[in-house]
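Pasting the structures in now, so scroll down.
Note that chain A is present in both complexes that follow, paired respectively with chain B and with chain C.
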Partner chain A sequence: MAKPDFEIPELKADTEAPAVQEGTMSHSSPFIAKPEHQRPLSYPGELVEDWHDRAIAKMSDLLGKYRSFRVYLDSCVKCGACTDKCHYFLGTSDPNNMPVGRQDLLRKVYRRYFTLVGKYLPGLVGAQNLTREVLDEWYSYYHQCSQCRRCSVFCPYGIDTSEISMAAREILNDIGMGQKYCNEIIAKVFKIGNNLGLPEPALVDTLEGLEEDVFEDEGVEVKYPLDEKGADVLLVTPSADFFAEPHVDGLIGYGKVFHEAGISWTLSSHASEAANFGLFIGSYENMRNVSMRIREAAQELGVKRIVFGECGHAWRVAYSFLNTLAGPFDFLDPKYPIPQHILEVTHDLIKRDAIKLDPSANDDIIVTFHDSCNIARATRMGDMPGGQFVIPREVIKAAVNNFVDMAPETIHDATFCCGGGGGLLTDDLIELRVKGAVPRMNALKHVIEEYGVTHMAAICAICKSQFTKVLPYYGMGMDMIVSVHQLVSNAIVLEAKQ
Partner chain B sequence: MSYLFATLFYVSLGIFAAGLALKLRQYWSVPAPLKIPTTPAPITRSGVVFRMFREVVFFESLFRATKWTWIFGWMFHLGLALAFVRHLRYVVSSDFFIWPLINNWLVQFAGQYASLIMLVGLLGLLGRRIFVDRVRYISAPSDYLMLILIIMITVSGIMMSFIAPIDVVGLKAFMVGLMVFDWQELPSSIFLIIHLGLVAVLAIIFPFSKLLHAPGVFFSPTRNQVDNPREQRHVADWARSLDLDSADQSSG
Partner chain C sequence: MTIEVNGKSLEVDEEGYLANLNDWEPNVADAMSKEDDLELTNDHWEIINFLREYYEEYQIAPAVRVLTKAVGKKLGKDKGNSKYLYELFPYGPGKQACRYAGLPKPTGCV
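Our next item is the complex of A and B:
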């Protein structure tokens, strides 16, 4: 960890709203996409000359396409209920990181160009022209929103700032001012099939390596198949699962679960990525193009079910949007949810005694659980509302004996984002990531001191990478963070079947 | 004066109705292309109706967010609702079947004192806007003016109700007269003039201001959608054309 050139916030027992300090994060701005990152997504290579008119035209287009955008720009009453709900405001004190402050950056332009009062009495309602300064402000602060939706939980009208952020990013992309990190990744998916740009031979290598490792450790031949036609299950998982720590231990866990349950499964090199960054840039078309790869892979391999690995925003696109974007999936087995989460699969197997876990294998650790923002507030697991909180905890409790939850105002649908979601998991935003993690770090530190918690389990590739990176800034070990299926992997009792 | 107010009444009501109708049509015609309910969300239609009911009647989300804003906001809206019902006696004719529901001791009493509850709520909201630095930061002049406008309506109402009573029989004659285009004399009272004048202003700005939160909440996709994306495919009209395009490609 290099010495940071910014101050690391001090952790406290409780997260409290700081006093407003204007401009503390106005310098934060991610790298702008180069033409080669923009073109594969059908966006102009660089800022177009008529950006002003084009941005307003795009805004008008989106106002006609997204009810959320239209209604939310009109409905805010400036009640302030959301002002202390965003982890980025709590960590930076910058009022433009208050959800309503963030919305207002776009709302002031909306009012100027699209409302009667804003046209004739701009000062009255804080309406403003779209200037180059405003544009830069958009670029900066709409890349300080992880689209975690915590604000939407508390707003009396359900105003979801992430909808505004996505629209803003789409407008920025449309005038040639995209973000390098997201767009480069999406281009890689189009070209190679995953965010990390791992080609098929590399995947084959990695998976063979995993098979050898597991055989060495357990003496059981667990398979990690790729592109196997006729398998029952297509597993789509974030590409970080193929090599990053602690992600890969989760992937090892999925394989063991399928093995023990006797479910035939396969990964796909064509759809070797669960995450869908099209979501982050608010682009229906790009999100759809990425999703279609999963449909194509499922058809090509002739599977009966699609299961998603541990990933937060990925599960949002899968659970909430896949059917919309790439459906209907009438060629899959309707007996199973389409798509299904790996935790739903494992949970069900545990309930039916189809696999056995021995929690004493994890007796050396005390575990807490981080609800990933997009799973908590934008999806469901199982068949009852809130299953997304219950199922992961039940699986963890089956795999470990010592489990403690963090403070109630920081879990379930009030959970705090890890600080790196929504397309911000890039080194050029490290200050934002470190500061945005404050509320979660506070809550974690509390259970460490109070209950001796040693590990925090997560079910999202971004959360895992972000915490691994950020924990050391706060004097905590990067290996504290574990995959839920890593706990399962440790505890599962493998009986060499065949 | 009476003619002026009669005209103002028609004009403001016209702008209110037309403006609101246009807005509603706009909200209605813009689709929500993706399923975005804030979860945990109801998995049935009736569950959504119940969620919306809790949101609109009890301000459930606001309650979770901040107790002070909730208390003041709820007092104001509750007072407003009660006062509104009480005011119906000025426009409902006494042989109409709902008359006994309005013209009884309880409704009139509650409606009268509701104005005080309203005032406390409004002053609390104004205080927060001024003294909480985060709320001050997000407030535009219009946000203060809106509160002041409603406070003035409330106070002028309180004056007539408690301190300087007006000729309510005359007022009713005027109001009913407006509805049947038979114009009557407006009772003379400075408070009544202020009260009615500002209500007309409020009605006029309604469709152009943040008062749109009232219809807006019913159109909010994070609150009004059923959480069933796996069970039911949800596709907006404009997105359907993308489906057709790719079907064309695969067949051609």
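Our next item is the complex of A and C:
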């Protein structure tokens, strides 16, 4: 762990709203994208000269395109319900990180240029010109929102700050002021097929290594196939699953599940990424271009089903948008959900006794579960309301004997973001990430002290990497964080093992 | 931004990664580690050299598991794990060791 040049918040039994301190995070601003990161996404390489007019024109374009955007900007009544709901406000005390404060950064400009009162009596409604200072403020604070949508759960009008953040980022991109982290990654997907830039030979080498390891550990030949034509299932998973820990332990688990259930499956080198950062930058076109790779791979390989691995926002894009972005998927088998989540697959196999888990294999650990924001608040699993909360927990409980939930106000649809979602999982935002993790860290610390919890399971590559990074700042071990399919992997009874 | 190595100014990005991979020479790793107050030992060089060899073949840094496995095979099973790598490279083996080895920073959800 690097030595921090900021103060690490003290953890408490309960997360309480802090006293407001203006400007504590005004210095936070991620690296700006370079021309080579901007151009593949069809954005100007650097800040354009006529940025003012172009930004207002883009705002006008978005107001026309997305009715929700205008409704959100118009309907806030300043009731205050959202003020203490954002993890970044709770961790930083900066009022611009209150959801209403964040919205107002854009709202004041909207009012100035697009409302009658704001045009003629700007002072009356807090309307403000778009200046260079305002632009920099946008860049800073719209990169302090992880688009987790927790505030929208508590807003009586349902205002979704994440959509305002996405719109702001799209405007910034359109005038040449993109964020390096997101845009470099999207460009890599277009060029190589995944966020990491793992070329096919590296994928082959990594997957062969996994086959060797599993055979060594289990004495069973579990395959991790790549580009296998005619397989039934195309598994699309975040590239972090190939690369990082504990992600890879989840990937090992998916393979064991498919093996034991006798389902033929394959990964694709063309669509070797589930993540879709087009969502984070609010760009329909880029989101669509990333999604199309999945369609192309599915057709090329002739699969019957598409299954997504453990990735939070990928499941949002898949569940909510994939059919309109890259559909119709009429070439897939309609007997299965299109698309399907790996947890739905595993859950169904467990229910039907098609695979057996021995939870005593995990008797040395006590597990809690972190609901990932995008899965909790923007998707569903299975066919019942709240399935996205029930199914992961049922799979975990089938794999472990000791499971404890964290405090109710921090789970399910009230879950707190890990602090690194929405395109903020980058070292240049480490202060924000560490501070934004406070509410989750408080809740975790409580179950550690109260129930002896040893591990926290997650189903999102970003959550897993974020926790691995920030847990040590709070004196907890980075290996506390596990993949849900890692627990399954430990517990699954493979034929040859019996 | 630049880093001074053997009297030459080499271009690096905002996070201190070499802009041109061909600029790398062993002194680059020494210069970078000095800035981090870290003294490079043979143990560090084993990792740095492996990273460079792997990158040359695959044009990407090795996955953590690939790295730990290779280290375990070469230096003994007790060293084939992330803990050992973090002891050597406290800023994270993936990122800090890659930087010393002149590799680009791994991007994505890692």
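One rule holds for everything that comes next: the second predicted complex is superposed on the first by the 495 of 498 C-alpha atoms of A that agree within 3 Å, B and C clash if a C-alpha of one lies under 4 Å from a C-alpha of the other, contacts with A are read in each partner's own complex, and residues count from 1 in each chain.
Quick note on the criterion: a residue touches a chain if its C-beta (ideal position, glycine included) is under 8 Å from a C-beta of that chain, and two chains touch if they have at least 3 such contacts.
Bear in mind that the values here come from a model prediction, so they are computed numbers and not experimental data.
Colleague: Determine, for the superposed arrangement built on chain A, whether chain B and chain C clash or fit.
Modeller: Fit - chain B and chain C, as placed by superposing on chain A, sit side by side.
Colleague: Which chain, chain B or chain C, ends up touching more residues of chain A in the combined arrangement?
Modeller: B
Colleague: For A:T83, is the partner it touches chain B (first), chain C (second), both, or none of the two (neither)?
Modeller: A:T83: touches chain B, not chain C.
Colleague: Thinking of the overlay built on chain A, is A:I462 touched by chain B (first), by chain C (second), by both, or by neither?
Modeller: It touches chain C, and chain B stays clear.
Colleague: For A:L425, select first, second, both or neither according to whether it touches chain B, chain C, the two together, or no partner.
Modeller: So A:L425 only meets chain C here.
Colleague: Give one of first, second, both or neither to describe whether A:G197 is in contact with chain B, with chain C, with both, or with none.
Modeller: second
Colleague: Quick check for you: in the superposed arrangement, does A:P122 touch first (chain B), second (chain C), both or neither?
Modeller: A:P122 sits against neither chain B nor chain C.
Colleague: When the two structures are overlaid on chain A, which partner does A:G45 contact: first (chain B), second (chain C), both, or neither?
Modeller: A:G45 contacts neither chain B nor chain C.
Colleague: Between the centres of chain B and chain C, viewed from chain A's Cα centre, what angle do you get? Round it to the nearest 10 degrees, please.
Modeller: The angle comes out at 150 degrees.
Colleague: Minimum C-alpha distance between chain B and chain C after superposition, to be given in whole Å.
Modeller: Shortest inter-chain C-alpha distance (chain B to chain C): 23 Å.
Colleague: Report, in rising order, the residues of chain A that make contact with chain B in one complex and with chain C in the other.
Modeller: Overlap of chain B and chain C footprints on chain A: empty.
Colleague: Taking the touch rule as given, give the residues of chain C at its contact with chain A in the complex, in rising order.
Modeller: Per the touch definition, chain C meets chain A at residues 14-15, 57-60, 62-66, 69, 82, 90-92, 94-95, 106-110.
Colleague: In their shared complex, at which residues does chain A touch chain C?
Modeller: Within the complex, chain A contacts chain C at residues 1-2, 31, 180-181, 184-185, 188, 194-199, 201-202, 205-206, 209-210, 213, 238-240, 242-245, 247-248, 275, 311, 425, 427-428, 461-462, 464-465, 469, 479.
Colleague: Within the complex, which stretch of chain B touches chain A?
Modeller: It is residues 23, 26-27, 30-36, 38-43, 55, 59, 61-62, 64-66, 69, 73, 128-129, 132-135, 137-143, 145, 205, 208-210, 212-213, 216-217, 219-223, 227, 229-230, 232-236, 238-239, 242, 246 of chain B that touch chain A.
Colleague: Any idea which chain A residues touch chain B in the complex?
Modeller: Residues 17, 19-20, 63-68, 70-72, 74-85, 95, 98, 100-101, 104, 115-117, 123-126, 149, 152-160, 163, 284-285, 288, 292, 319-321, 323-324, 327-328, 337-339, 376-380, 383-386, 388-389, 413-414.
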